Amino acid sequence: MPTTLTRTVSFFALHRLYRPEWSVERNREAFGALSDEPPHGHHYHCAVTVRGGPGGPADLLVDLGQLDRILREEVVEPFDGKYLNRDLPAFTRTLPTCEAMAEYFFRRIAPRLSPEATLERVRVSEDPTLYADCTGPA
Amino acid sequence: MPTTLTRTVSFFALHRLYRPEWSVERNREAFGALSDEPPHGHHYHCAVTVRGGPGGPADLLVDLGQLDRILREEVVEPFDGKYLNRDLPAFTRTLPTCEAMAEYFFRRIAPRLSPEATLERVRVSEDPTLYADCTGPA
Amino acid sequence: MPTTLTRTVSFFALHRLYRPEWSVERNREAFGALSDEPPHGHHYHCAVTVRGGPGGPADLLVDLGQLDRILREEVVEPFDGKYLNRDLPAFTRTLPTCEAMAEYFFRRIAPRLSPEATLERVRVSEDPTLYADCTGPA
């Protein structure tokens, strides 16, 4: 039966919606107060959906120990407590929106899964009213 | 990469499950106490999933300012605080169930999005145990 | 319009990750403390998504009264308060993971729906960080 497993991790990070190639005024016009310094914080959730093959030492759908290690190394450790526009090289020139972060995590996590597992979706939410889903290359 | 953005808005409304073309008795048999006056209330959530094209003044996946304006005008303002069976012309003869509301919102929101954006899904929940998803015309 | 309805029920149950055909040591190596006695508990949620046909006495998308009866008989009553590895014959030799439980519920619920309704998905979560989705035979 086609079955997937979804694991969610959380982190707190700061960001602002500010394009460095634009003037302060143009940023303010496009994004309002969301462009201001100091940046504002979000409790992010990142939910990763994996389609298994049997794999891992315990012959489960997905090797959860491996998945948790990947999520810690690719999501929680590099992002928790950071000011994304300043501290993450991938987001100094790209706006750190939910959708950009979902695509970034997809690209980082997919190649690290064991060959039997497939990454189906990465969902990033910044608060209970907004999330982005990335389902990978078409 | 195929990416969507989902925005959720909330409102409180009253409804009852009562078909005006049926007798009180037949309504009671079909719906039990849910057919009674006075109506009962729900804290509804409406989650709208949009597939972008680049668009909007800030060149984001979805023009969130535009989406929020549409959701305010089509969902929150007309529905918040209303007795749906009595106050909403669309639901005086159609039962205001989650599924009927999801279809109604889909029809209202889809034509208002900018041409590059596609409405993928409208989800309406009336409480943590029940929601309906409408994915639009087949 | 293609519309689905999703109902969620909840139950509390105990389990451990322990394969009786393995030694205690091999279980401990594979699953760590999750293999230990006494078992540990989870507040499970089971969310069932049904695509309707018109049906049921009230001519709704889905006959909710029928669906709630099936969920009570197949999910809540047999699982609530149980030690899954010991009390549920289906899980004395199969690990009671979210993914195994989602597949089990799918097989039990699908044939009991009325002919116009289709079971689209069963989601089982054991806590806010982990869930499995079963979408039925390919």
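Each chain carries a letter (A, B and C) given by its place in the written order, and its residues are counted from 1.
Convention: a contact is a pair of C-beta atoms (placed from the backbone, for glycine too) under 8 Å apart; a residue touches a chain by one contact, two chains touch by 3 or more.
All figures in this text were calculated on a predicted structure; none of them were measured in a lab.
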Interface residue identity across copies subunit B, subunit C - same or different by half: different
If you fit subunit A onto subunit B using only Cα atoms, how far does it have to rotate, to the nearest 5°? 120
How many angstrom between the C-alpha centroids of subunit C and subunit B? 28
Check each residue of subunit A and list the ones that touch at least two other chains. none
Of all residues in subunit C, which touch subunit B in the complex? 1-9, 49, 52, 57-58, 60-61, 64
Parts of subunit A lying in touch with subunit B, wherever the complex brings them together: 17, 29-31, 95, 97-99, 102-103, 106, 128-138
